[in-house]
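Shared chain: chain A. Partners: chain B in the first complex, chain C in the second.
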Partner chain A sequence: MKRQIPLIITFIAGIVMIIQYFIPHEPFAGMQQLFNQWYLIIAAFAMILGIGNLLKIHSGRISRKTSGWGYSIVLLTGLTVMLISGLGWGIERGTFFFYLFWNLHIPMASTMFALLAFFVASASYRAFRARTIEATLLLIAAIVVMLSRVPLGGYIWSKIPFAGDWIMSYPNMAGQRAIMIGIALGTVSTSLRIILGIERTYLGGGK
Partner chain B sequence: MFETIGIWIAALLTLCIFSFLYKDNPFYKFAEHLFIGVSAGYWACYYYHNVLQPNLFVPLFQEGRPIFIIPLVLGIMMLLHLVPKISWISRWPLAFIVGTYAGYYLITYLQTNALEQVTATLVPLVTFSSVVLFVGVTTGLVYFFFSKEHKGTFGGIAKFGIWFLMIAFGASFGYTVMARISLLIGRMTFLLKDWLHIIQ
Partner chain C sequence: MTTIVLLTLLYLQISPPKDVRVFDTPNDAGGSITITWESSPDAEGYRILRMALPDSVYTPVDWVDAATKRYVDKVEDGVKYRYIIRTERGSAYADSEPTDEVWSHGNVFHRGRTNVLIGVAVYTTLLLSFIYFAKRGKKLFVRKIAGLDAVDEAIGRATEMGKPVLYIPGLSTISDVATLASLNILGRIARKAAVHGTRVIVPNRNPIVMPVCQEIVREACLDVGRPDVYREDDIFYITFSQFGYTAAVDGIMLREKPAANFFLGMFWAESLILAETGASTGAIQIAGTDAIHQLPFFITACDYTLIGEELYAASAYLSREPLSLGSLKGQDWTKLIIGGLIVAGVILVSFGSDWFLGLFSS
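Now for the complex of A and B:
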C-alpha cells in the first residue's frame, strides 16, 4: 500500500494528462486545467511543509542553543513578522507587508544576486584562459556578446553590436537547440519511465 | 519619515550583504538569516493570497464545488511528511504531482522542444547563417549521442558540435555577467543616489 498506491496514482495522473491532449472531449477536456489547479494547491501545501521544516530546524537550534542560535532568532522573527503582516492585513501596495517587501526583501534579494557579479568576475578569470580551441571559442563568444550589449562595443568597432546579435541568433541558437532537443528526448524517456513505474526514486527510500 | 527609515534599513542591509566580499562575518550572517526568514514569509503569504485563496478556498467554500476536497486532502497529506511515523502518506500527493507533470511534459516537451525545434532547423540552406544553424544543431546532437564511441569521423563531427556548444555557453555566460553587473549598478545607484544623494 505504501508504494503500490502512489505508483497507481502516478500512472493514472500521467495517462489522463496524455489522453486529454489526444481526446479533447469530455470527460478529458478541461482535465489539464483542473489538474493544474490541483497541482498549484498541492505545491502551496508543499510550501507550508517547507516553512514547517524551517520552523522545526531553527526552533530546535534555539532550544538546544547550538552555535549561531541567535541568527535563528533573526530568521524566525523575519518569518513571523512577514506572516502576521501578510496574512493579517493583506499584501497589497500600501500595507505593512508591502513596506517590508520593498525595503527588506527586494534590496536583499538584488544585493545577493549583485554579489555574484564579483564571483562571476573571478570565475571568468579562470574560465577565460584561451588554452584550447573550446576555451577560446567560449572566450570570444562571451566577450563579443558582452561588448555588443553596451555602448562601448559600438565605440570600439561599429560592427560589434551586429556580431553579437549574429552570434546570439545563429551559433548560439544552434547550440541551444541541440541542448533543447536533447533535454526533450531525455524528458520524454524519463516521463515514460515514471508513468510506467520503472523510475521510482521520487518515492524515496524505505518500504 | 517611513520612507526615510525604509531607505536606511535597505541601505544598511545592502552593506551587510556586500561585507561578505571581505569575508564571512556576523553582519552578513545576520542579513542572510533575515533574508531567508523574510523570503519564506513573503512566499507563504504570496501563495496564500494568490494560489490557495482563488484556487481552493473560493471554489470550495464560496462556489460550493466539492471536487476541490480532493486537492485539500492531498495537500494535508503532504503536510504529514513532518510526522515521521506516517510520513509515507505524503507519497500520495507527491505521486499525483509527479504523474501529472510527467504526462504533461511528455507531450509538451516532445512538441515544443523537440518537434518544433527540428522543424525550425530543417529550412532551405540558402544563406550562410541557415547553414551555420543546421550544421550546429546536427553536430551538437551528434555530440549528445553517447551510444557510439566518439572516434574517427564520428568523433570529429562530435568535436565540431562541442565548438557550437562552447559558443552557446560563452554567449549565455556573457549574458549572465551583464545581468549581474546591471544588478550591481542598480545597488550602487541606490546607495549613492537614494541613500547618500551623492549622484543625481
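Now for the complex of A and C:
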C-alpha cells in the first residue's frame, strides 16, 4: 500500500497532464496551472523542511564539536540574522535584510561565479592538449572559433570569421540537435516509465 | 477661408480599417473571440466596439495602438456578438462595417497539436511493444555505456580507500525530468554503495528533492540488508542559492576528499566549478546532464560523461530490468525513424517540395 498509493497518484497526474495538452476544454483547461499552484504550496512547506534539516544537522555538529563545527556556527548565525531581519523589518530596498543581501550575499555569489574564468582556463588547457586526433581537431576548431570572434582573426585572414561561423552553424549545430533529439526521446521515455510504474526507484528502493 | 476649411475636412477624413474578420479563437477553452483587420494608414489607434445581441448599442471594449492588427476579446460563451473597429486620429474617427455575428465555445481537441499526438502515439506504441517483447523474455541488446560501466569501479575505489561517494542530484527541482532520472540512478548507486558499506553524501539545493533522496538511500540500504550504513546526516539541505550551494559542495570535496563524485542531473554555470574542484582532489568523476551547454565542461573535467539521453537510460542500464531495457530499445527505434524522416525531409525540400515541412508545423 505504501508503494501503491504514490504509484496511483503518479499515474493519474501524468495521464491528466498529457490529456490537458491535447484537450483545451474544461475540466482539463487550467489543470496545468492548478498543478503548478499545488507544487508551489508544497515547495513553500518543503522550504521549512529544508531549514529544519539545516538546523538539525548543524546544531548537532556544534554540540558534538565534530570537525569543521566552526563553519556550522557561521551558517546558523547567518541564517538567524537573515531570518530575523527579514521577518522583522521586511525585505524591501532600504531594509537591513536588503543591505545584507546586497552587500554580502551578492558579492560572495559573484566571487564564486568569477572563479569560472580560472576554471575555464585550466579545463581548456587540459582539453586542448593535442595528444589524440580528436583532441587535435578540438584544438583547431577552438582556435578558429576563438579567432573568428575577435577582430584579430579577420586581420590574420579574412576567411577566419566565416570559418568560425561555419563551424558553429553546421557541425556544432548538427551535434547539438542530435543530442536534443535524444534528450527529447529520453524525456518522454523516462516520463512514460514513471507514469506506467515501470520505473519506481524514485519512490525508494530498487524494485 | 473656404480652401482652409476644405483642406481641414480633407485632412480629418480618415479611412476605416479594412478586411475586419471575427472568429471564435481556435484551440482554446472558450470565452474568447479573435478579431483581425488590415490597418488604416491614418490611424493613431483603434477602438474596439462590441454589441452583445439582442442589444442594439455598441460599447467600447478597449483601445489599441496603430501597430495592432489583432485583438482577442474575453466574452461569455454562447452569446452572439458583433464588432466594429474604429480608426481614431485626434478627435476624428472612421468606423468599419459591423462584423457578422460571432460566438465563442470551448474546443474539445487542440487541432494544432494533431501531429504531436500522432508522434506520441507512434512512439508510445513502439515503447510498449518493446516492453511487451522484453516481458515475454526476448533478449534485447543494449550498447555499452562506458560511464555507467565505471560506476562499479568508482564505488569499489571509494570502498578500498575508505572514502565516501559524493552524489550531486543536479540543482533543479523535482519537476525536472533530469532530476527524476538522477534520483533513479541514485537508488542504484546507493544500493551498490550500501552492499560495500560505503557512505554516500548527497548535498541538496532543493528542499523537495532532499527528503526524496533521504528516502531513496534509506530504502536502498534496507533492501540490501544494511540499514546500519544509512546516515540521515549525509543527505542534507544546503541552500537554494546557486553559488552558495557551489561553494558548500566545493568545501565538502576539499574537506571530505570523496573518492568518487557523481554529478548527475540538471546543471548550469556551476558545472565547471564543481567538476574542476572535484578533479583537483583526484576523485574519479562521473557526470551526466541534459544541459547541452554544460556538456563540454563535464567532458573536459570528468572521467566519464553521460551525454543527454544516456542520463535517462542510466537507471535502466544499471538495473538491467527487461521492462526498462525494452523502453530503451523503443527509444533507439524512434531515433531511427526520426533519422529517416530527416533524410526524407532534406531530399524533398532540396527538390522544392515544402508540404513535408507543413506536417511538422503547428
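Simple rule for what comes next: the second predicted complex is superposed on the first by the 172 of 207 C-alpha atoms of A that agree within 3 Å, B and C clash if a C-alpha of one lies under 4 Å from a C-alpha of the other, contacts with A are read in each partner's own complex, and residues count from 1 in each chain.
The rule we apply is simple: a contact is a pair of C-beta atoms (placed from the backbone, for glycine too) under 8 Å apart; a residue touches a chain by one contact, two chains touch by 3 or more.
Predicted model only: the values in this text are computed from it and were never measured.
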Notebook entry, point to check: Does chain B (first) or chain C (second) touch A:R126, or do both, or does neither?
Noted result: second
Next item on the list: Using the touch criterion from the header, give the chain among chain B and chain C with more contacted residues in chain A.
Entry: B
Check: Where does A:F101 make contact in the superposed view: on chain B (first), on chain C (second), on both, or on neither?
Finding: first
Next item on the list: Determine, under the contact definition given at the top, whether A:A29 touches first (chain B), second (chain C), both, or neither.
Entry: second
Margin query: Taking the superposition on A as described, I'd like to know which of chain B and chain C A:K2 touches: first, second, both or neither.
Written below: first
Note to self: In the overlaid three-chain picture, which partner chain does A:G60 touch, first (chain B) or second (chain C), both, or neither?
What the structure shows: second
Notebook entry, point to check: Thinking of the overlay built on chain A, is A:I198 touched by chain B (first), by chain C (second), by both, or by neither?
Noted result: second
Notebook entry, point to check: For chain A, which residues belong to both interfaces, chain B and chain C?
Noted result: 18, 21, 39, 42-43, 46-47, 49-51, 53-54, 68, 71, 105, 108-110, 112-113, 115-116, 120, 124, 127, 176, 179-183, 185, 187-188, 190-192, 194, 202-204, 206-207
Next item on the list: Going by the contact rule at the top, pick out the chain A residues touching chain B in the complex.
Entry: 2-3, 5-7, 9-18, 21, 32, 34-54, 56, 68, 71-72, 74-83, 85-87, 90-91, 97, 99-118, 120-121, 124, 127, 133-135, 137-146, 149-150, 166-185, 187-188, 190-192, 194-195, 202-204, 206-207
Notebook entry, point to check: Okay, in this complex, where on chain A does chain C touch?
Noted result: 18, 21-26, 29-30, 39, 42-43, 46-47, 49-51, 53-54, 57, 60, 67-68, 71, 105, 108-110, 112-113, 115-116, 119-120, 122-124, 126-127, 176, 179-183, 185-194, 198-199, 201-207
Checklist line | Interfacial residue positions of chain C with respect to chain A in the complex | finding: 27-30, 106-110, 113, 116-117, 120, 123-124, 127, 131, 173, 175, 177, 180-181, 183-184, 186-188, 191, 204, 206-208, 210-212, 215-216, 218-220, 222-223, 233, 236-238, 240-244, 246-247, 251, 255, 269-270, 272-273, 275-276, 290, 292, 295, 297, 299-301, 307-309, 311-313, 315-316, 319, 323-324, 327-328, 330-331, 334-335, 338
Notebook entry, point to check: Inside the complex, what are the residues of chain B that reach chain A?
Noted result: 2, 6-7, 9-11, 13-14, 17-18, 20-21, 29-49, 51-52, 55-56, 67-68, 70-72, 74-76, 78-79, 81-82, 88, 90-107, 109-110, 112-114, 117-118, 120-121, 129, 132-137, 139-141, 143-144, 161-178, 180-181, 183-184, 186-187, 190
